[in-house]
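For reference, the structure discussed in these notes is given below.
Labels run A, B, C and D following the written order; every chain starts at residue 1.
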Amino acid sequence: MELKVDLNSDIGESFGAYRIGMDEEIVKYVSSANIACGFHAGDPTVMEKTVVMCQKNAVAVGAHPGFPDLMGFGRRNMDISASDIKSYIIYQIGALKAFAESHGLKLQHVKTHGALYNMAAVDEKLADAIAQAIAAVDENLICVAMANTAMQKAAEKAGLRFACEVFADRNINPDGTLVSRKYPNAMIHDSDTAVRRVLRMVKEGMVEAVDGSQVKVRADTVCVHGDNPQAVKFAAGLRKALEENGVKIAPMASFL
Amino acid sequence: MELKVDLNSDIGESFGAYRIGMDEEIVKYVSSANIACGFHAGDPTVMEKTVVMCQKNAVAVGAHPGFPDLMGFGRRNMDISASDIKSYIIYQIGALKAFAESHGLKLQHVKTHGALYNMAAVDEKLADAIAQAIAAVDENLICVAMANTAMQKAAEKAGLRFACEVFADRNINPDGTLVSRKYPNAMIHDSDTAVRRVLRMVKEGMVEAVDGSQVKVRADTVCVHGDNPQAVKFAAGLRKALEENGVKIAPMASFL
Amino acid sequence: MELKVDLNSDIGESFGAYRIGMDEEIVKYVSSANIACGFHAGDPTVMEKTVVMCQKNAVAVGAHPGFPDLMGFGRRNMDISASDIKSYIIYQIGALKAFAESHGLKLQHVKTHGALYNMAAVDEKLADAIAQAIAAVDENLICVAMANTAMQKAAEKAGLRFACEVFADRNINPDGTLVSRKYPNAMIHDSDTAVRRVLRMVKEGMVEAVDGSQVKVRADTVCVHGDNPQAVKFAAGLRKALEENGVKIAPMASFL
Amino acid sequence: MELKVDLNSDIGESFGAYRIGMDEEIVKYVSSANIACGFHAGDPTVMEKTVVMCQKNAVAVGAHPGFPDLMGFGRRNMDISASDIKSYIIYQIGALKAFAESHGLKLQHVKTHGALYNMAAVDEKLADAIAQAIAAVDENLICVAMANTAMQKAAEKAGLRFACEVFADRNINPDGTLVSRKYPNAMIHDSDTAVRRVLRMVKEGMVEAVDGSQVKVRADTVCVHGDNPQAVKFAAGLRKALEENGVKIAPMASFL
C-alpha cells in the first residue's frame, strides 16, 4: 500500500494593506491550507484570493478559526465561554465555506489557531464546543489537532474524522506532548534532523523523545510554515525527501 | 387564487452586552427576518440566538449584510471597491448560512443594510457585485430590494429571484422612488393611512404618490420595524388588517 | 472636621447606535465618573458627550480603561503582556484626557474596568504596568481600586495617590476581600442594609464580614451603578442617607 | 538668513503582528514624523515604540489621525458627520499626545491621513471640524496640509499655525493643485527631477506646472515615503541635496 501524508500550512493571514506570510511560495509545497477567517487574521478579500490561490495549486482548503483578537494575532489566551466559542467557530467556518463553495471547492478541514489551538488541547469544555461547532456546520469536515489532546477526544465524541498533526521542528516529551517553548530544547533547529524525524514518524510511526525514549506517533498531517524564506525552503526540502522515500503528499481527506 | 405577502424586519442587531431592537416581539408578526451578520451589527452569539428565535416562530431567515462600520451602524456611505464588496457580502452570507443550516434551516434571502442598501439602489457596479456575491453563495437565494433600482436590474441579470420591498411608512414620488428624508413629507405618520396604503399595494398593485398620481407597485414584502413599542404595535395591526382582508402573510420563498 | 466620601459610577459605555446605562440619571447622584475609553466600551462621540454631561453636573471625570474586547465588554480575562497593557492604558487615558482638557476639565482619576480590574487586583506585574502607565501620563492622577490589592501596592510604589473603593452591594470576607460571586451570599440585596453598611464604613471605618467579624476598611469612594432604575434609585437613597448623616459627597481629589 | 525646510513621513503604521513601512530607516532622514493613531493603522504598542524611535533620532512627533477603517487603511472615503469627525480627531490626537508627553516630548503637529486628508482639502465643514479638534486639544499644534485647501482656510480660521506640505514626486496643475492620479502624468518618476523641483520650491518658492507655467509655492514641509527601499533612498538623496545647497532640515516648529 502506498504511504501518504498531508502537509499543511497556515495561510491567508494578511489583512487589508498588511501583507504577512509567503503564501504564493508555500502553497507550491503543501497539500492542505489552513485559511484565517477574519478574527485573528485575514479579511474577506484575502480569504477569497487565498481560496483561489489554493484552487490553482490543487491545495485542499480548511478553515483556521481563532480568537477575536486581531491586535494580538490570536496568540493571547482569552477566557471566552464555551457557548460563545461555539458560535464564533460556526461563524468563521461558515464564512470560509462560502468562499470555497462559491469557487466550486469543498471545505476539507478545520484547525484552530494559536491560543485557541493550545487551550483546546487541554480544556475539555472548549474542545467540545469546537468539535460541536465543526459538526454543526458539516459532519464531514476533518478536525485537525495534536494526538492525545482534549481536542482529539472531543472530535471523536462528536463523530468527526480526526487528523493527527505533527510538527517537524518541535521536540516532544516522552508522553507525546510538545516540549514547551519555555525550555531551550523546544525547537529542532537542524533541518536534516527535522526531515529525518518526519520521515520516521510517517514511515515507522515512531519518534525519539527528548529523553531518548521511543514514542509511538500517528502523523496524518505535518505542519510547515511559510512566514520566511528558510521556512519555505525547509518545506520544499521536506516534500522532496518524503517523495524520494516513497511517501506521497496528498490532502488528508484522500486517506482519512 | 390566494393573495400572499411577506412581512420582513431587520433583527439580530444586538452586539455583545448591547441590546437593540425588540426582536422577541417583532418575530411574532413577520414572516421573514433580515439578520445582521457581524459587520454593521450583530455578533456570532447574537446571530445564533436570532436564528433559533426565528425557527421557534416559523420565521424565514435571511442575511442582512452591511458595511464594516459597527461604530456607524452601517449607516454611513463608504467608498469600497465593488470587488471588495463582493467578498464582504459572500463572507457575511456564508456566516449566517452556517448558523441557519446548523439548525436545519435553509437561508431564504439576502437584503443589504442601511447605506449599502441605499447605494446599491443607484450604483450599478455595486449592485452587480452584490448580486454576484449572492449568486456565488447560492443561486436559489432571493434578493430583496426596492423595485426599479440598480439592485433589481443586477439581481435579474444574475439570474436571482427578486422580491420587491415596499415601506408602509414612506411616501413615494410619481416615479416610484421614496420621497427623500430631507423633505417634511417623507414619512407617513398616521397608522391607519399606512395600513390602507399597504392593503391597496398588495391587493391592487397601486399606491398614491405625493402629487396625487396613482403609481403601479409590486409589493412582495413589506418592511416593518421592531425598534420601539409603537413600531411593533403597528406591525401587529398591519398583519391583522392584511389577514382580515384575505391576504395571507407568508415567507417570500413560498410565492416567488 | 467634615466627613467626606466620593461616589463613583461607570458611565459612557454606549457605543455608536447602542445605548447602555442611565447616564443622565446617575450623574445627578455621583461625584466622580469613570468614563469608558473606546476599548471595552465607549466611542469618541460618546466620550465627548459624557465629558460634557459630567461638566454640567459638576462630576469629576476619570478614565475607565479596559481590555480591547468590545464583543465581551471587557469582562473576559485576556492574557496580554504587561508591556502591551502599559501602552493600552496610556492610549486610553490620553484619549479621555484630551476630551476633558478640551472642555476645560482636569482628569481626576483612573479606574480599570471589568476583567482588567479583577486581574490587576492579584497580578503584580499587571498592576505595576497599570500604575506606571497612569504615572507616565500624569503623576497627579488618582488610582482607584480595592484596598489591599496588588493594584494598591503598585500605585503606592509608583508614587500615585490611591483611592480605596468599596462596594455598597457586596459582602466581604474577614480578610477584606469581596465574597466571590460564585457564592450565594456574594451580594447584599437589601437596600437598607447596604446603606447602613456604607454609612458605617465611612463614619467608623468598619464593616461586618460574612462570618460576623468586624473588619477595618478605608472607604474613599463608593461604587454605585446606573444600569437600571433600581440601581439609580439606590444611589439616590445612598446619597441622601450620607448627607443626612453629615457626610459630604465630594470628588475624591478634594480630600485625598 | 538660513533657509530651512521640514521633511515629514508617515510612520508607525504597523499593527499587531503586521509590519509595514521601513520606519527605522526613514527616521534617519526626516525631521518630523506623522504617527498613525490606531484608527486606520497603528496600535498602542506600535505608537509607543514609534515615539521612542523618533525621540532617539531627534525627529519631531505629530499625530496622523485617519478614518476608523483598518481594513481599508483609511484610504476609503467615509461619509461621517463633522461632529463625529471632531471627536474622532480629538481622541486620536489625545492618545498620541499621551505617548509623546510620557516620554518627555511635545506633540508638534497634526496631519490627517489618506481619504480624510483628501476630503478635508475640499470639504469646508470637515476641514473646520478637524481644525477645531486640533485647537481644542492644543492651540499650539501645527496643522499640516496642502496650500490653498479648505484645510488651510479652516486652520487659519481656528487660529492654528499652518505648515504647507509639498510632494516631491507629484506634478501640479497651474492652480497649484496636484495632478490627479487618474492621469498618466500624475507622478514624477525621475529622482533627479524630483530633487531639483523640491530645491527650487524651497529656495525660490516656485515650481513648474504640467503646462509649463511657473507657479508660486510655499514649501514648509516635504512629504517623503518610507514604504520601500527606493523611497528611503530618495529621501536620503533629497536630504543630502538640500543640505549641500545650504538648506537646513529642521522640524517645522523651529521656523513656523
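Criterion: a contact is a pair of C-beta atoms (placed from the backbone, for glycine too) under 8 Å apart; a residue touches a chain by one contact, two chains touch by 3 or more.
Remember, predicted model here, so these are calculated numbers, not experimental data.
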Exercise for review: Over half of the contact pairs shared by residue number: find the pair among A-C, B-D or C-D that meets that against A-B.
Suggested key: C-D
Review point. Would you say A-D or C-D is joined by more C-beta pairs in contact?
Key: C-D
Practice item. Take the average of all CA coordinates in chain A, do the same for chain D, and state the distance between these two points in whole angstrom. Key: 43
Review point. Whole-Å distance, chain C centre to chain D centre, using C-alpha means?
Key: 40
Point to revise | Residues within chain B bordering two or more other chains | key: 43, 71-72
Point to revise | chain B to chain D touching residues, read off their complex | key: 68-69, 71-72, 76-80, 115
Practice item. Write out the stretch or stretches of chain C touching chain B in their complex. Key: 15-18, 20, 41, 43, 70-73, 75
Revision key, fill the gap. Note: in the complex, chain B contacts chain A through residues 38, 43-45, 47-48, 83-84, 86-88, 90-99, 101-102, 136-137
